[in-house]
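Think of it as A, B, C, D, E and F in the order they're written, each chain with its own count starting at 1.
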Amino acid sequence: MSPETKPSFLINPEGLRIDGRRTDEIRPIELKVGVIKQADGSASIRQGKTYILAAVYGPRELHPRHLTINDRAYLRCVYRMATFSVPDRKRPAPSRREREISMVIANALKPALFLEDYPRAVVDVFIQVIQADGGTRCAAINAASLALADAGIPMKTLVPAVAVGKAEGKLLVDLGDEEDKYGGGDVPMAMLGTTGEITLLQQDGSFAKEELVEAMGMGVTAMKYILELQKEALKRAYAKKVAIEGEDVDEYEDDLETDLGEAEIAGEEDE
Amino acid sequence: MGDYSSEVISNIDRDYIAGFLDTGKRIDGRAFNECRNTEIELDVVAAKAEGSALVRLGDTAVIAGVKVLLGEPYGDSPDKGVMMVTAELPPLASPLFELGPPKEPAIELARVVDRGVRESEMIDTAKLCIEPGKKVYMVFADVYPLDYDGNLIDASSLAVAAALQTAKFDEYKWEDGNAVPTGKKLDLPIQNSAVEVTVSRIGRHLVIDPSLKEEMVQDCRLTIAVDKDDKLRAMQKGGGSGPLTLDEIETSMTMAVDRAQDLHKLIKETIKARKKK
Amino acid sequence: MSPETKPSFLINPEGLRIDGRRTDEIRPIELKVGVIKQADGSASIRQGKTYILAAVYGPRELHPRHLTINDRAYLRCVYRMATFSVPDRKRPAPSRREREISMVIANALKPALFLEDYPRAVVDVFIQVIQADGGTRCAAINAASLALADAGIPMKTLVPAVAVGKAEGKLLVDLGDEEDKYGGGDVPMAMLGTTGEITLLQQDGSFAKEELVEAMGMGVTAMKYILELQKEALKRAYAKKVAIEGEDVDEYEDDLETDLGEAEIAGEEDE
Amino acid sequence: MGDYSSEVISNIDRDYIAGFLDTGKRIDGRAFNECRNTEIELDVVAAKAEGSALVRLGDTAVIAGVKVLLGEPYGDSPDKGVMMVTAELPPLASPLFELGPPKEPAIELARVVDRGVRESEMIDTAKLCIEPGKKVYMVFADVYPLDYDGNLIDASSLAVAAALQTAKFDEYKWEDGNAVPTGKKLDLPIQNSAVEVTVSRIGRHLVIDPSLKEEMVQDCRLTIAVDKDDKLRAMQKGGGSGPLTLDEIETSMTMAVDRAQDLHKLIKETIKARKKK
Amino acid sequence: MSPETKPSFLINPEGLRIDGRRTDEIRPIELKVGVIKQADGSASIRQGKTYILAAVYGPRELHPRHLTINDRAYLRCVYRMATFSVPDRKRPAPSRREREISMVIANALKPALFLEDYPRAVVDVFIQVIQADGGTRCAAINAASLALADAGIPMKTLVPAVAVGKAEGKLLVDLGDEEDKYGGGDVPMAMLGTTGEITLLQQDGSFAKEELVEAMGMGVTAMKYILELQKEALKRAYAKKVAIEGEDVDEYEDDLETDLGEAEIAGEEDE
Amino acid sequence: MGDYSSEVISNIDRDYIAGFLDTGKRIDGRAFNECRNTEIELDVVAAKAEGSALVRLGDTAVIAGVKVLLGEPYGDSPDKGVMMVTAELPPLASPLFELGPPKEPAIELARVVDRGVRESEMIDTAKLCIEPGKKVYMVFADVYPLDYDGNLIDASSLAVAAALQTAKFDEYKWEDGNAVPTGKKLDLPIQNSAVEVTVSRIGRHLVIDPSLKEEMVQDCRLTIAVDKDDKLRAMQKGGGSGPLTLDEIETSMTMAVDRAQDLHKLIKETIKARKKK
């Protein structure tokens, strides 16, 4: 609840950002898979000071029943912020912002899933923001994507996400909290890892059309990098599991490639 | 808002509409970049609301009313007034709308329209302060769809812009720790204007201003708020989870900027015609 | 949100009211039928500055199911005021006042309907007050009655409604906003067009018994007049429809008479 | 409250009760204009409520408690106190009442009883102001039915009138921007009294003070608030959608005015008896 | 809404309490059975100035259905305070405190009941606090227990309850309002009348272990006394009923003993 | 919290676990009075929360975050700050938790943890006053279970104690009718510490720190808050309706006091280790 103050600059004379990053540099990202024992799948992400957990439950029976969809599973995403995750205490009841973000996250993830494999079921993606320091909806997608994979939900691809934006006339990748608040625009994006198609796109601030197109291009580059981080995190988790079970790690890696490859093909047929 | 499709539209309808588009036609005969007839009627709640406008977009009708109240500023901006857009989806306007507290589609409608007003800095909230930390004007623009035949966002955004830009409210000044009316009427401190334009993707086609039937079969929509200087002020991908290529996004932007110029002109002329009355 | 001031008089020395009306004169009423394309039936009313829309949906399946009535349709009326329809901004959530008015409106309309024709279904009457300037529940009934007819719901009769009241010792018909607020009593009424029986009756203020009886008499006279306006609005709407379809207008008029006639008989058997 | 009929009462019951009435009799032997035994017990919550009364109307029992709090006046009446009646229908009092937030019958009960108090100007709210625009007394009269055998409105109205007219509360005065207690106890500024009387129409018969069984088969009820001077202060047609002729309304008024005189007397005597204690 | 003041002492120099009681003395208790005609069973309790009503409905069909338990009845307890039962006006919506107390009361009563006799049904215990002057949850249990018996719900035993506590170093039985507020601890308890096992136990304040054990012992003694009061109240009620019906009172007394005896045996098998 | 048993656990599981206990063993190999591995991680929300701690109790994980806000004091304690514990049971943490507003188990968790803090007078709320009657510090300790394998109360109580005892917040002072920040950071006025220890009864066995499987078959649990001086500060019997004998209660108390000493030590050492960093 400290009184906040606007920083005197967001880009310093050397062209570096308030936390020392280059304009096209993302924050350090730490991804962990399998962090919640009770969940069918789970992952955590620390992206700068943003800290988020995602848990997946399902496919399982859906309550209340009237939400059931006959020809596929219902993907229910719930994005919630802890009361203490923001400077002022957030009220415990879900805000309209949280409900909107839950919806756009569901839309961002859906095209990556074979929901038609589980008609009438629900796949629950629960996201808890523990500390919010900018880019939470994108970080949430990065983690949720891993949690879905960890839960063994059939996927066409992973879904990386990042927010691009602008401050003091410069286009920036992976906005931090101050850049979001005091900068000139925020463009959260997510894409299908395989095809690069955009599944989340929002914007605020002020951009000329060309400028926004350029920013989205920077976002795609960053998301490709994040996709690699996601794959590595999955491999680490699997390696650990497999090591415990005494099997060969490389085999899994092949399987993953194969699986995602198949997914792609299926995905194209499907779209 | 494109979230009702599974309940109502069969695959046959979807194939029919998409097939039509493959031949270059829309089911109501419009070109892909052609909007429905668009009308603004001002001052429909003249006796009670500080500003109001009814917008018709084809058979879609939306009313926006502006109320200006006194209130306390937020702690983190003690010298700024408050501006907020809310929306309901009253069951009066469509068999698809349900009774009960606002659900996700109503929340998204309000938040997307709000973002267009807020991010374009349409209103200079610094000028809505009566006494810093104590009393400010609070501007509510409340949206009520009356007849829902698709594309509520664009209709609502236009109605809100028109209602805000024509609102008149009572001036108050700060005296001895109280806000007292001066008897004067003020305009809102308008410093920009933005309108939202929605493009639907159906199959691989992009169509502007989707009708209800088109919304029901769309893969997704992209809404873009464009201000007077052709700057993009807000975007929202919604209305389904279909992905978009970067090319499709760029094309949608171009369509939106063109349409926005017409809408800005329409607002301007509507307001001018009103002054003459 | 203008600070309101009480007018210095409600009846001027010539015996005319604040808007120039005689004591027994109703405000100008504009009724339109078929104003909402998506609805099964709809109507709007402008009564003075009061402006209200009514839409009817149904008979249709009822959700939630436990509200189902086995031997007739459930008439669900929902009266709601727009936030901007009143001097202060109304909170968006339904108020206790709105819920009570919804209930009395349902009671006012029910005796005019053959709800037993549609067991287990619901007939929804949604009323939106756009601008409230006195007499909204009566104006709402006037419009809802037309919307029900427009939806083709089988009716015994139309239901006209009006508020009578008192100011400065004089009995008044069709109270305006100031007369309601600063006057000495308000008596909203509705009646069955055919039998003149009262289906809505509320009162506040202070009346001697005889005075109230006299006021109600004035109300009945006004409602008879409003009934004619309702019939004309229906005819206009039908004429338009028929004209479009290239048929004869007079025929409908006959049909309407016949229908309402039959309804009356059925109604009497039924009561 | 007559809104439960379809769930519980069969047509046979209806015919039985209506047939009885055709022969000039009510099922519990009362005359059409005869009320059930009516008792007021004062001060049943003497240690915590500022005023309280338990009313029994036959087997119907209702308790009303009055609390007087400090609060801010409403913006449109800065120099007036606040008076409000609320009601619940606790499931304790009847198998017909349900758990959960107040539904329409509870809302109607509260609003009709409130209207009787408010429209009769029973309390002079101008005398409930401590400091204009800053601090006023807020009077809450809260109604809890304890045993529901019909005609809750009349029992509640009587309990509220008795509780308000016997309430004592702490006086506060305004000193240096704060309300401080003076140590004195005040009576509420009572300037009138009104009681509500309900008449049921069953078939074409009018009966006063309906029992639960009668409510369940009634076509509708008419409730009339009558003040000390026989003036009608509020009416509510409810309890079903059966219509009323003007003659039936006039007859009901006459029945209500007669009954109200008895009830005003009962309140007066009950209060007098209490003072002697 | 009187401004409250802390009393200058809770135990006077003679060792008596603020209302003149000895430390181990309970307040006057008045128990009445059959006070709500519409209920299947009911009772009222006045314990000092605390005044509470309890009504029992059931066993009956349970709504909503998803709460149904297949092998026994659902015991639904709802403890509610009247808005005017406390010094400040309580808000009408159920508080978290009321919801917690409802839960602990259900737990306190359940072991006394043969809920398995009524699978899939509900037994509703509705408790209304009319005046709260300390010890309401225990008084509520005392009354609810009688209401259950009055409703003819098969019971193993009655459940007496009392709060013990501490003030100015002395252990006290049956705390009054000031003793609860300004004293040094409050320990509400309930027990099975037959076995003396504890079914409700909560505590606040500060106690050494030994002290708390001693206090609980005092509570058990008091509860044994309250159990006798409960039995007498039941007998009085039954006597009245029977007298009306012209039968012999003693017979019932035998029956009661027998019933409770059987219940005990069954209870032991069951636990 | 032991309230989920009927939904998930069959009688076979119950018999299996209880039978194991009869042979002196717990299913995870612990002794009856042996707790699971217990860890406290401090400052897990260092950038946003005034204090925070993550507690792991075996596979159970709970995070507590402390926020310190400014607010108005309650009317009945104008010179005291406010301290409140809240809890959710987020569906993220267990397949047993449901979406929606807090239900009884979440309410009980919050209230029982709150009672431990409050009744031990852990925080001296008299020192949380900025200006009597006007402005005080409001301390919220909010609990989020992250992984639920039983015994949330103990994990939550420990996390709250650790978060409160390490929180730092901005000092404000009262100047000209406003609270203004001094730029200084304060510790909370800690004057005691209490931790809660839960003992489950399964059959006639008492086991400490129940795992989820044990909770699911337990007859009831008894939670006891013990302060630094071995005083019992709060108790709660819950987690089922099984009764307890006085002997069982006394034994549980002894087990709790022993365990509490370890936990107090753990808190102390964790805080000491942090200071060194």
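Keep this in mind: contacts are C-beta pairs under 8 Å (C-beta built on N, C-alpha and C of every residue); 3 or more make two chains touch, one makes a residue touch a chain.
Bear in mind that the values here come from a model prediction, so they are computed numbers and not experimental data.
**Student:** Could you tell me the least number of steps, going only between chains that touch, from subunit E to subunit F?
**Tutor:** Step count on the best path from subunit E to subunit F: 1.
**Student:** Can you list every chain in contact with both subunit C and subunit E?
**Tutor:** Chains in contact with subunit C as well as subunit E: D.
**Student:** Find the chain most remote from subunit B, comparing centres computed as mean CA coordinates.
**Tutor:** Using the mean of the C-alpha atoms as each chain's centre, the farthest one from subunit B is E.
**Student:** What chain is the most remote from subunit F, judged by the mean position of CA atoms in each chain?
**Tutor:** So the farthest one, by centre of C-alpha atoms, is C.
**Student:** So, what's the distance in Å between the C-alpha centres of subunit D and subunit B?
**Tutor:** Taking the average C-alpha coordinate of subunit B and of subunit D, the gap between them is 47 Å.
**Student:** Could you tell me the distance, in whole angstrom, between the mean C-alpha positions of subunit C and subunit F?
**Tutor:** Measuring from centre to centre gives 58 Å for this pair.
**Student:** Could you grab the centroid distance between subunit A and subunit E? Build each centroid from C-alpha atoms only and quote it in angstrom.
**Tutor:** Comparing mean C-alpha positions, subunit E is 53 Å from subunit A.
**Student:** Quick check: what residues of subunit E touch more than one other chain, meaning two or more?
**Tutor:** 88
**Student:** Output the circular ordering of the chains, read from subunit A in the direction of subunit B.
**Tutor:** Traced from subunit A through subunit B, the chains around the ring are A, B, C, D, E, F.
**Student:** Quick one: which bits of subunit D touch subunit E in the complex? Just the residue numbers, please.
**Tutor:** Residues 44-45, 47-50, 52, 59, 61, 63, 65-70, 86, 88, 90-95, 99, 101-102, 140, 142, 144, 146-149, 169-170, 181.
**Student:** For the complex, give me every residue of subunit A touching subunit F.
**Tutor:** 1-3, 36-39, 49, 51, 53-55, 57, 60, 78, 80, 82-89, 92-93, 124, 126-128, 130-133
**Student:** Using the touch definition up top, name the residues of subunit F that touch subunit E in the complex.
**Tutor:** Residues in contact with subunit E: 6, 75-76, 104, 107-108, 110-111, 115, 118-120, 220, 222, 227, 230-238, 240-246, 249-250, 253-254, 257.
**Student:** Within their complex, state which residues of subunit A touch subunit B.
**Tutor:** Answer in residue numbers: 4, 69, 88, 96-97, 99-100, 102-104, 106-108, 110-111, 187, 191-192, 195-209, 212-213, 216-217, 220, 271.
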